[in-house]
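Dropping the structures in below, format is structure tokens.
Two complexes come next, and they have one chain in common, chain A, joined by chain B in the first and chain C in the second.
Let's look at the complex of A and B:
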């Protein structure tokens, strides 16, 4: 393959080639999707819609970033939605103004957030320990965690929502001016860890080849456990935003987003086989799915139709990715 | 008598390296041909040609008077050639009858005729003297019984030629006797056998004719009565020196006359009574500063396993190790900190992250030195400088970029990357397991030079190699391992390839 010739002549086909090979491919697809649908979709390009879109996108991005880390290390975390639900109700139990353990206290909101994040981290640690120390497959560990903690969230609340949360807390999730910079800050931090820190190097090495990493003195088990902890904490952080936006602790919060989380991450280009993945890729994947969801909603399609279209689009994107890997060995 | 099987100047090369050079010999009906040669002499490749796993580049094969060019193992089977493999090819979850007829179950209308299956299976088992119910699950069989089952499988399609590849390695004495009796019985039935083994006594005992391979060529051939064990060994090792070794100022070992100043010659790694049941027994040796210590032995002698135990990858039940005084314990991470390095046998499996970049692979061991608190962010300037220096030290070609995935590199350059990643850690003791496997002559020479440089700077180097010539050319001292034990020690002034090989061969 002659790369120099490809970039040398800016003909139509070479631009297409360059776009297909680019790591920004999914971002280009987003632009195409937006450009293609905007004329037919009333309100897609409005400011309000954008705020809503990004308000939705922020928590999804946080969960997907955790998933990205876990996929890079060669695992998978199916338990994230149960972490969102459980931390949502536990946080609400701590801080609600009726029966909360800290009802009325000024410290209710910060303590609740702390409890949520720690709980997410603990569940992640449990996943990580089972995967490393017991050598269980990540799929089984996190699937059973998903079932158990989803059930626990419903049992704790007897299937009821818990409302009347402190304003200091709900503002965080419902005001885009707070939620968006916060999500961006966390994404920036994850990016820094992944691209410029020792942990990022070790994470990729473990994902590419855990045996080589072990022989080379990388503390493989610690890296894997830390990664599941990070995924749990990020899911809990997403739960803070979701719960705040909903102004309710809900035991079924996030139930439907598991496939969006994994779909968006893989769509962005993170490999299911470990080693490959970036914060920017996952952002593009999340943006694409959120945009698609948003546009189809505005077009007035039913939930089921949206599911079918999303499934088809993720499949097409996966096909495109396989094809370009084969064509370009990218 | 026209031969059953004839190789006619068969040649085969991998990546430009000749592994078989115009090999010609025949196997007559009702004869046992013993095939011997060192590791890498070309025996396996020859059998892979016969089994249809590989195709010859030049020459041809004839079987039962007709040209024979199998495309896969089914062709070999159809022609009537059966293999009893070194690594047994059985399905341990299935029973004896199912294993025997896996590729052609007796069926009627697509359904298996179970009674017919077990009737035929039991007849076959009787022929090889395996008196077990045909419904026994293979996982419950001993290795010897599995060996017999493999022979029965070959008889299930009435094989005219059976290949037995190192069949006795894990057999008890009675099991071995039973197998030999069966082999003789098969010969009496007019079948032919190719018997491959390092146990020269067995080969001389069983075979009617012998073929000796060395470096891919037949170097000896004739009736078994013309050979003795000594003559076989001499033929197996008697190669001309084709690999050049760099010159080196020989080291100053305490037992040599020119014992010079410290630190060279001081004990560095001391191993005493190291043992792990079924793996290694009673291993004791001392590696000195500035010494290159070779470890020779056949496949399965426990050399790689020893290196893995020394590096903390596998457990040991007995014995101690010390490095420059204090005991050597803990996981690899701990031992790397103490100055140990391990270049593993297989670059792909645990030497490299193939899909990762050259730079990431080079930095893997030592990247932690360039991290600063609290987030562990890396100082890239220092890291880049270190990588640049080590790239120059191992002479990695400048045209290979740091960002390139390491899987796009040649074997020699990949091995340089593995070596370089360890050099960055400035190790005191390097354990090198097959450091030149699968790499070209030029890269080999450069790796030999690097090994010498390391030793000259006072490091101790352990080189495990299946190439005896490499060890005699490179090392100051050679230990020989045989079935998990050290069975010989040779210092440079009395290197003798034949005696070293003799110590490595099973008796």
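Let's look at the complex of A and C:
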């Protein structure tokens, strides 16, 4: 059907090149996915569905942004899901209305959120210190942190969920009118940090080549530690939204989303090898995965079919990404 | 750009084919059947069935039973499996609501994370039934179809105690207790305790093994208990899925004998899974309390029909279950889900 295009005019092929090289490629894929599936998929284009889709996307975006920063600096943070689980139960222990340390107090929700964010930051700092001061590989540090803190979350609660959280807190996660602007605000801040601040330039410099960055006067260790702290805080912020949505502090919260987090980030175009990544790319990656999940759910496919289609589509997108990098050196 | 468009067209065509190929049975048309008709099963309803996991035989059996029940009434089923992820399950229930299914049958991940799901279904006026696991107390409205854990355990253990008395003497007993955060485990423990209390002096419980529904933990606990009390001759497990660990520990201690053989340890369980059926057939298991999956599936679908028709439905529908034992194994086999699980 596209013989003409294949042998096409120079302007056609250069447009194709431009599109493939464009950083909006994944966004185009999202639009294609949506446009292609909407006619077959009942409710895909409904307002309710958009609210649900973005409500689910918001926390995933926050974790993925943290991951983006860490990947840019040349590391990886596998501990994010354990941070989500641990902060979820600790927050719930602080504020639940049955046995919480601040049960019944009006300050319960804000204090709990503060505790969750600080805890996320502390775990991130631990990861960063181990990576920089002890010179341990980020993969090992964060993998062991993942095991340790996941275990701790379950041990703390004896694998029980903690329900009956204050309404002020659950509203935050369950009302799109609150969760979405909040996530957008945080994403905007991370964008400014990355694109407009000295930290952003340092971050990329460290990711491209830590030694050169060091020689050039970049405080490499401080940058790396700050980046893991940011990842921890962002994971905790995601935990606030997830916990609120489910109205429950759960020690297994987020256990299954690690691949979505890393998959969405890399799908967006952030390099696993450091130095390259943007907030908008990660947003597109997260949007693509969430949209795919949402549409496949709406189609009522069996779980196993969804897994196969999802794997296939991610592979396709990754192939496309590799191809454009190789052919166009994008 | 044209080429890019053409490329996308092809990509989408492939995607669409893939997705359509996988969803032969799911149709886009949610039925608009009237809600106020008193005639059940008028028109074809579409049921959203969301399971937490399909990793154990019990859930697979439950899922198959619901599908069969729906098919028998000419209803369509849209399925979703959350792979142990409560947030994913929430998304799936929302998808059902977006699709405007006529009713939702949910096996929740747990009692509390399902509350926002029930509230969402309530807000959309879609009836929601919890299959085999109840929700925590809240203002959210749902119907739960659950096994009567207490009564069924009590009857099962009564039978086991009867067997023990018949073969004579005072016996020392061990009980495997489930995760006490699970209301089902609490009901079974209490049912066991009630039966033991009623039995008086003929049974002394010398070992209470906490398993937290974990096979390794259970097996280690049984081995330890058998070492500490080699004269244990009565074992009840709160779930049949722990039986393999018990069998292995009994074999290790040289105490694994058929019913009626000398040195037989009276052995009973709960659930009625395929292992229990096998052991029952081979004569090693005395009895097990069977959750009647078919009854629960039927009641779940019926509850949705009734709720749609505006009939009153109890908040909790109890599955009385039944005890299957050496005496009635053949006649009850068809009702025991474990006997109908296809062995892989």
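Note that in this section the second predicted complex is superposed on the first by the 316 of 330 C-alpha atoms of A that agree within 3 Å, B and C clash if a C-alpha of one lies under 4 Å from a C-alpha of the other, contacts with A are read in each partner's own complex, and residues count from 1 in each chain.
Operating definition for what follows: a residue touches a chain if its C-beta (ideal position, glycine included) is under 8 Å from a C-beta of that chain, and two chains touch if they have at least 3 such contacts.
Here the structure is a predicted model, which is why all the values come from computation and not from measurement.
Bringing the complexes onto one copy of chain A puts chain B beside chain C with no clash.
Contact with chain B, but none with chain C, is seen for A:192 once the two complexes are overlaid on the shared chain. Between chain B and chain C, C touches the greater number of residues of chain A.
Of the two partner chains placed around the shared chain by superposition, chain B is the only one that A:201 touches, whereas chain C remains out of contact.
The vertex angle at chain A, taken between the C-alpha centres of chain B and chain C once both structures are aligned on chain A, is 130 degrees to the nearest 10.
When the shared chain is aligned, chain B comes close enough to touch A:275, but chain C does not.
Once the two complexes are overlaid on the shared chain, A:219 sits against chain B while remaining clear of chain C.
In the superposition on chain A, A:211 makes contact with chain B only, not with chain C. Of the two partner chains placed around the shared chain by superposition, neither chain B nor chain C is touched by A:144. Residue contacts after overlaying the shared chain place A:105 against neither chain B nor chain C. Taking every C-alpha atom of chain B against every C-alpha atom of chain C, the smallest gap after superposition is 26 Å.
Overlap of the chain B and chain C interfaces on chain A: none, as no residue is touched by both.
Here chain A touches chain B in the complex through residues 192-193, 196-199, 201-202, 204-205, 208-209, 211-219, 275-276, going by the rule given at the top. Every residue of chain A that touches chain C in the complex is listed here, in rising order: 1-2, 4-6, 8, 12-13, 15-16, 19-20, 28-29, 32-33, 35-37, 40-43, 46, 48-49, 52, 56, 158-163, 170, 174, 242, 245-248, 250, 252-257, 293-294, 296-303, 305, 308-309, 312-313, 316. Partner chain A is touched in their complex by these residues of chain C: 1-4, 6-9, 11-13, 15-16, 18-20, 22-23, 26, 28-30, 54, 78-81, 83-88, 90-92, 94-95, 97-100, 110-113, 115-116, 136, 179, 181, 212.
On the side of chain B, the complex with chain A involves touching residues 311, 313, 332-333, 336-337, 342, 344, 349-356, 360, 363-365, 367-368, 370-371, 375-378, 380, 421.
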